[in-house]
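Two complexes are shown next, each including chain A; its partner changes from chain B in the first to chain C in the second.
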Partner chain A sequence: MTAVAIQPTDMPGAGAADTWNLRRVLQISVIAGVVAIYLCLVGIVPVFAERPLIVDVLELGQAALLITFGAASYLAGMDQVKASWLRAVVVGAIVGAITGAFLTGLVLLGEAIDLRSVFLNASPTLYALLTDGIVLTGPIVPIVAGAITGALAAVILGLPSAIRVPLVIGLSSLLFFGLFAGLLRTPMLVTPLRDVARFMFGSEGLTAAGAAIVFVVSVGTTAIVRRTKPRQRVNALPPRQRRLVVGPLGLLVLALVLLFPLAMGPFFAQVIALVAIFVLLGMGLNITLGLAGLLDLGFVAFFAVGAYTVALLTSTAEYGLANWGFWEAVPFAVLFAMLFGLILGLPILRIRGDYLAIATLGFGEIIRILAGSDLMKPILGGPRGILNIPKPLDVPPTHWLSGPVQIYYIALAFAAVVAFIAWRLRSSRLGRSWMAIREDEDVAEGMGVNLVQTKLLAYMLGGAFAGLAGAISAGLVGSIFASSIQLQLSINVAAIVIVGGMGSIPGVVVGALILVGLPELFREFSDYRLLFYGIALMVIMILRPEGLLPSRVTRRELHTSRELADVPDSELVTDEERREASLP
Partner chain B sequence: MNARKLDRVTDVAIDVFMWSFKAVIIAVVVVGSVLTLLSGTYTPADWLELVGAGLTQGSIYAMIALGYTMVYGILRMINFAHGEIFMAGSFGGYFALVALASTGMLSQGVAVSLFAIGLAILAAMAVSVLLAVGVERIAYRPLRDAPRLVPLISAIGASLFLQYSFRGFFGSGLYAYPTPDFLKQDAPIPLLSMRWVDVLVVVASLAMMTVLYLFVMRSKLGTSIRAVSEDQGTAALMGIDANRAIVMTFVIGAAMAGAAGVLYGLAFIQVTYFMGVIPGIKAFTAAVLGGIGNVPGALLGGLFLGLIEAIGPTLFLSGFGVPATNQLKDAVAFTMLVLVLVFRPSGILGERVTRSRA
Partner chain C sequence: MTQPVLSVVDVNTFYGSIHALRGISLEVHQGEVVALIGGNGAGKSTTLNSISGLVRPRTGQIMLDGEDLATYQAHQIMAKGIVQVPEGRRIFARLTVTENLKMGAFVVKDKALVLQRIESAFDRFPRLKQREHQVAGTLSGGEQQMLAIGRALMSDPKVLLLDEPSMGLAPVLVDQIFETIGQLHEQGTTILLVEQNARKALEIADRGYVIETGTIVLAERAADLRDNEMVQKAYLGID
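Moving on, here comes the complex of A and B:
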C-alpha cells in the first residue's frame, strides 16, 4: 500500500475512497471505545499506571490507552488518506475523540453509581488517572487526549512511506525496550557495559536519554535497511557468493545461540532452558500431530512418564528406587514413554479427528489425577512429590555449567538430534505414510499404508521425545510433583505445533520461542500473561491459519487454487528440504 | 506374502488386546461392586444420597452439554470456550442476585425468591449470550473454512482470554452465591435425600431442556438449525440463512449455559474465574456419551455422567480398599469417556455425525 497523497483514480467520483464512509469511522470508534473501557476495567490501565515505560515521561497504563487511540485512528484514516491528508487527520481526531468519549462516559457513570461493587478496578484511582491531563483536568481529558493522539497517528499515516515506516518502527522499539528495560539491565550490570545500562535503562522502563537513543538508532537502522535493501541484494547474488554471506551469518547466529545463556545471566538461562525443553516436546508432538495428524491433547502423560521414571530411578530421597545416575536413567525414561505410547495408542487406534483429541485429553487427565491421588501416593509421592533428582552433570555450584545453563545445552543438543531424526523421518517412507494418513486415512489405507503400524509408531516416537523432555525437565527442576502435570502443558505443546505450522521443524522452534519464551519474559505482568497468551492464539490463528513458518505442504493445502497451483507435486518435498537445509 | 501374514497377526493381537481391555474394566466394575456391597460399609441411605448429588450435578452437566452438542452438530468444532460462557453466566447471575437480594427479595417468601432467581437466570443468559455471540464473531467465524485444528486452537485462546479477563474484572477470589434459606432445607422426597435447591436444579433444567427440545423440533428456526447441521450447502439452496442458524445455535447453547451457571451457583455456592474448565470438559464428555449432535442425548449423557461420577468411585473402587475414592471422581468420569469413545463412539443414543464425519 502506498501512501502517495492523491492519485488520479482517487479524485472525486472514484467510489468508496471518496465518501467519508462515516459508518466505518463510527464502527472503528465504538470498537476502540469498548477496548479502551476493557483495558481500564480489566486492570491493565490502573495496575500499570505507576510502571514507567519512559521514566518520568510515560507510564505503561497510559501508553496502553494512547496506543488504542492511535491504532484506531490509524485504521480509520487508511481509507481517508487516499482522498486527502487533511481529511485523514480530521477523521483521526474524530475517531480518537469518540474513543476518548467512551472513557469520559465511564468516569461520569462511575461518579454517578458505584461500579466498584462489580468491577474491582473501577476505583477512584482509575477515575483520577483518566481525568488528570498534564495541562487540564476533568472528564474532558480523555476526549482531548484521544483527539490529539488520533490526529498525530493520522499525520504519521499521511507521511511518505520512507519516513512513516522508520517512524512506526521507532515507536514500536520504544515500547519493546520500555517493556524489557529492567530485564536487559540486570545482566548488563555485571559487565563493562554497566554504565551504559545505568544511563539508558531504569530499573523499570527506559530513561529519557535511553529512549532518545533507542528511537534514533531504530529509526536510523530501519531507514538504512530500507534504502540499501540488503536482503534483496544477497538474494540477487550468484549462489556461490551468496553462500559467502549466508555462511558467516549462520555461524554468527549459531554462536549467539550457544553463548546466549552465558552472556545473559541466570534468569535468561532459565527461560531459554525451558524453551529448549518445549522445543523437544514440540518436536515430539510434531510427529504425532504435525505429520500424522493425530491430535494428542494428553501429551503431558508422556512427559510425566519420562519425568517419573527418571525420578524413581535416580532420587536419593524417599520413593527413590535405585539411586542411579541421571544418564543411566534417561534411556529407560525414553523406553517407558515409548511403551506407554504403545499402550495408549492401541485402544484409540480406531478413533478419529476431534474424538481422538478428547480421548487423549481424557487419558492425560486420568494420569494427572492418578499421580496426585492417595492411591499412587506410596509409589509416586502424591502432591509431596519426589525430591533430590541429581543434575545431569555433577559440577560444583560455582562452575559455569551449574544450574539451568547445563540444562539448556543438554536440551539444545537433544533438540538438534531430535530435529535431525524428525527431518530424516519426514521424507522417509514412514514419514510419507504419516502425511498420507493425515490427509485421508481411508485413501492412505487403500494405497497400502498399514494404519496400525504407522499410527502406533507415531504415538511411540512422539511419546519417546516427550519422555526425553520430561526426563530433562526433572533434571532441571530437581524434583517432580503431581502438580507439575497439567492439562495446560498439553495445550501449550499443541499450540506450539499449530502456531509454528503443522509439520514444520523451524516452526516448532519459533512457536516455542513465542508461546513459551515470550510469556516468561512478561513475568512482571504475571496476572495478565495468560490473557495475552489467549489473545495471541486467536490473533495468530485468524491472521495466519497455516502457522507462522508453515511447511510447503500445509501452505499449499490452504491456498490450493490460487498461489501455489503451479507448483508441481514432485517439487513439494524437495523444495521444502532445501529451504530447511539452508536454515542455520 | 510375509508382510500380509504379519499384518494379520497384528490385527489378531489388537483384537485380543481390546478384548482383554474390555474384560479388565468389566471385571473391575463387577468385582469391585460386589466387594463394596458385601463389605456393608455403606447403608442404602448413603447410596441414595449419592444418587441425589449425582442427579443435581448431572442436570447441570446436561445443560452445558447442550451447547457443545449443538455447536458440534452444526460446525463440527469443539467449542472449547463454552465452559467459560457457563462461568460468565454464573458471574452475571451472581451480580444480579446480589442486587436483588439487597432489595430484600430473597427473604420475602418462596414465590418472590423464585421470581428473583428467575430474573437472575435471565440476566445470566443475557451475559452468556452476548459473550458467546462475540466469541463466535471474532474467534470462530473468520476460521470457518480453515483446517479443523485451527478453530480448536482459536477456541482455546478464546477460553483463556475469557478466563483471565474475568480474573482481571473480578479478582481471583471466591464469590459466595446468596441463597434464600428455604432452598437449603431438605425436600420431602421419598427415598432420595435432596435439598430443595437440588430439586430446583433438576426441575428447572428438565423444564428448560424440554422447551428447548420442542423449539428445535417444532419451530421454524429450530428446523433451519437442523437443516444446516444436516447439510449446510443444501440448506443454503433451500433459502436458509446459514449464518443466522449458526449464530442462533450459539445463542441457544449460551443461554442454557448461562442458566446452568446460576443453578450451579445456587447448588454449590462458590463461583470463581476458573470454575468453567472442569465442568466444561465433563459436559463435553456428557455430550459424547449421549451421542453428539443429539439434544435428548445431552440430557441422558449428563445425567448418566453425573450419576456414575457420584456413585462410581465408591461403588467400584472402595471394595478394593482404594483410599480416598472421592479423589478419583474425575478419573472415573474420564475413564467412562475413553471407554465410550473406544467402544461406542456414536454414544448411547447414536447419531449421524460420527458416521459421516468423525
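Moving on, here comes the complex of A and C:
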C-alpha cells in the first residue's frame, strides 16, 4: 500500500494539475542556475558580450543568459499552464528569479574572494556585465532580468498555439539570422543585393531594421503556412496533379542546389564540398556499420589510402611518381582502398562486437602512424606532406569553376552517384545478406550466406566509398599531410552515421550537414563550437536514439520494444513451467 | 534396407578439451521423423550443430545421400540440403516476416520459385500472412517459431533439423507446433527432432534415439521407447 501512496510525487505531471509541484520548479531552477554560471565561467558570456545578435540592441553573451532563463521557465511552466495561465506566469517568474539568483550569488562571491585564480573568466568585466542593467544596477540585476524573462516566456507558453508557434519560430529565426548575418552579408555585397545586405545585416548580427524584417517575415510565413496547410493540401490532391506541384518544386530545389555556390560564394561552396565528402564517407561506413553491423573505428585508413594514392600519382612536386591527371588517379584510389578493405577484413573476420571496434581502431592507428613515420617518409613525405595535387578541372584562376566551386559540383555529383549505388545495394540480395549478418551471424551462415565473402565485400565496398572521398578531398585541398589523417575523422564519420540514423541514406546527408556543415559555419566561436557539438550529440541521442532520419527498419525496431511489451505473458513461460505442464 | 538420407557415423566432437560427443552414430531415412531425446547437456544440440557444420567433429563421418560432408562449410552444407531451425528460434528480429522468408531461400536463385514458396509458407501459417510486413521481433513466441520453421522450409531441404521447437512456449502453442511437425511428416519432410519434451516427441516420431553424456544409449522405434521402463522413468516422468 505504501508504494501506491508514493506514486503521485514520483510521476511529474500526474499531480501537477492541482499542486504547485515545487520540487520540480526548484529542480529546473537549480539546473538552469548551474547552466547560467557555467556559461559565464567558461567565457561564453563575457567573450561574446560585444558580439551583436541585433546591432545596438542585444549581444550574444547576454542573449545566452536570457535564453537560459526563458527556456527554464518555459519548461517549468508547461506543468502549470494546464491549470492556469497566471500560475504558469508566476512559476516562470520564480524560476527565472532563482536562476538569476545563482548569478547574483556568483557576483557576490566574486566580490568577496578572488575566483580569477581558478576561473580565468571570472573577471571584473563579467561582474560589470552581470550587474549593469538598463534601469537598475547592482547585484539585483540578474534576479530581476530572470524574473522578467521567465514571466515573458511563460506568457508565450499560455498563448493559443496559433500565436505561440509563429512567435517561437520568429524568435528562433532572430537567433539564427543574428548568428549568421555576417556570413550571409559578405557574398551578398558583390551582388546587386548589396544595399539590401547593408540595410539588414551588420558585419556581425542583424541591424535593428533587419531584425524587424526577419521577425515579421518569419512570423507571417509560419502563421500563413499553419493556416493554409499547403502540405496536406498537396497530399490530398490526386496523384497526377500532385506530380504537377511536386515536380517543379523538385526542379526548383535542384536549381537552387546547383546555383548555390555561384550565389553564396566560395566559402559556402567549400563548406558544402566538405559536407559532400563526409556524405561519401558516411555512405561507406553505412554499408559496413549500418547494413552489415560491423563497427569500424579505423575508417580514416581508407580515406588516407585514397588521398595518398591520388597524391602520389598526380603530384607535380616532390614525392610525386607519375604526374597523372586527377581523373586517371581516382579509379586507382578506389581500387587501393578496396584492397585495404580486404587486408583489414581478412584478419578480423572472426572478431565480433566490441572487440571488432578495438581491432579496427588499431588498424586506423597503424595507418595513421605509418603515414607520419620515418619509415614511410621517403615515400609519403611524412609531416612535410605531398604538395601540388592538381585540381580535378584545369581552369585558369579567374574562371568561374576555379577553386572550391568545382569541388562542390564534383563532390555533389559523386555523392549522388554513390547514394544511388548504396540505395540499390541496400535492396539487393547482397544487402539482405549483410542485414542478416548484422542480425545473427550464425543463422545467416545457416541460411547459406558465405560469411567470409559477404563480410569482406562489406569492408571492401565501404572502403571504396571512403577511398573516393579521400581522393576528392586531396583534390579539394591540393595537398596531403600526415597530420590530415586523424582518429577524429573516423569518429566523426561514425557519429554522422549514428546521428543520421543507422542504415539510412538520407540520414547520412542530414548527419553530415549537421555535424560537419554547422561546425564549419560556427568557426568564429572557435573552441566553444566543440562544446556545443558534444552537447548537441548528447541531446540528439537522448531525444532521438534512432537517429534524425531513421530507415524504415530502425523505426520499426523502436516500434518493436513497445509492442513486445504487449505480448501476453502466457506465451513466455519458463522451462520449468513447461515441463510441469507436460507432466501427466 | 535403403540407403539413409542422413547418416552420422561414430562422431566425436570436442569443445576445447571437453569431449561433448563420444562416438555418436545415427541414421535418418527418407520421410522419417526421428527424435533425439536426452537431458540437459547430454549432447543433443551439439549433435545437430555437428551435422549442420556449425561445430566441427574431430573424428567420424556425417553423410548426406552417401556423400561425406567433412570438407564443407556450414553455408555449403545448407546448400546441400540440411537446414537447421536453431534453438530459441533466432529469427532476424529487425527484418520483416517476408524478408526473413527470403533469407531462408537465400540459396535459391529462381525468383519465381522463391515467391511461390513464400506463398506456400503463408498457406501453411496464415498467421504469418497477416504479419507479412511486420518486423519479426514483434511477433509472439509461437509466431516466431512458425516463422523459423517456415524460413527453414524455404530452401526445400532434404533434412530438416529441429532444435527444441517447443522451448519457451505455452502448452497450447506447444500443441500447435507439434501439429505442424505432424503435417510436415505427412507431407514427406525428413526431420531430425531434438526435444526435451520427450512425451510429445515420441508421440510424433517414427524412431527415437536416447542420448546420455554424449553417447547413444538406446535406439528403437518410438513406440517401443515409450514403453521402455528406463525411458518412462527418466524422460516421461512415469514411476
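Everything that follows uses one rule, which is that the second predicted complex is superposed on the first by the 545 of 584 C-alpha atoms of A that agree within 3 Å, B and C clash if a C-alpha of one lies under 4 Å from a C-alpha of the other, contacts with A are read in each partner's own complex, and residues count from 1 in each chain.
Keep in mind that, in the parts below, a contact is a pair of C-beta atoms (placed from the backbone, for glycine too) under 8 Å apart; a residue touches a chain by one contact, two chains touch by 3 or more.
Just so it is clear, the structure is predicted and the values come from calculations on it, not from any experiment.
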| item | value |
| --- | --- |
| Residue contacts with chain A in the superposition, chain B compared against chain C | B |
| Which of chain B and chain C A:224 touches, first, second, both or neither | neither |
| Touched partner set for A:42, first chain B, second chain C, both or neither | first |
| Chain B versus chain C as contact partner of A:22, first or second or both or neither | neither |
| Touching partner for A:440 - first (chain B), second (chain C), both, neither | second |
| A:429 touches, of chain B and chain C: first, second, both or neither? | second |
| Touching partner for A:450 - first (chain B), second (chain C), both, neither | both |
| Touching partner for A:295 - first (chain B), second (chain C), both, neither | first |
| Chain B and chain C contact sites that coincide on chain A, given as residue numbers | 450, 557 |
| Chain A contact footprint on chain B (complex, rising order) | 7, 10-11, 14, 17-18, 21, 72, 76-78, 95, 98, 138-139, 142-143, 146-154, 156-165, 167-171, 281, 284-285, 288, 322-324, 327-328, 330-331, 334-335, 337-338, 341-342, 345, 354, 357-358 |
| Residues of chain A touching chain B in the complex | 38, 41-44, 117-121, 289, 295, 346-355, 357-359, 361-363, 365-366, 369-370, 372-375, 450, 452-453, 491, 494-495, 498-499, 502, 527-528, 530-531, 533-538, 541-542, 545, 557-558 |
| Contact footprint of chain C on chain A as seen in their complex | 429, 432-433, 435-436, 438-440, 442-451, 553-554, 556-557, 559-560, 563-564, 567-568, 570-575, 578-579, 581-584 |
| Complex interface listing, chain C residues touching chain A | 52, 54, 73-75, 78-79, 83-84, 86, 90, 92-96, 99, 102-104, 106-107, 134-135, 137-138, 140-142, 151, 155, 166-171, 173-174, 196-197, 199-200, 237-238 |
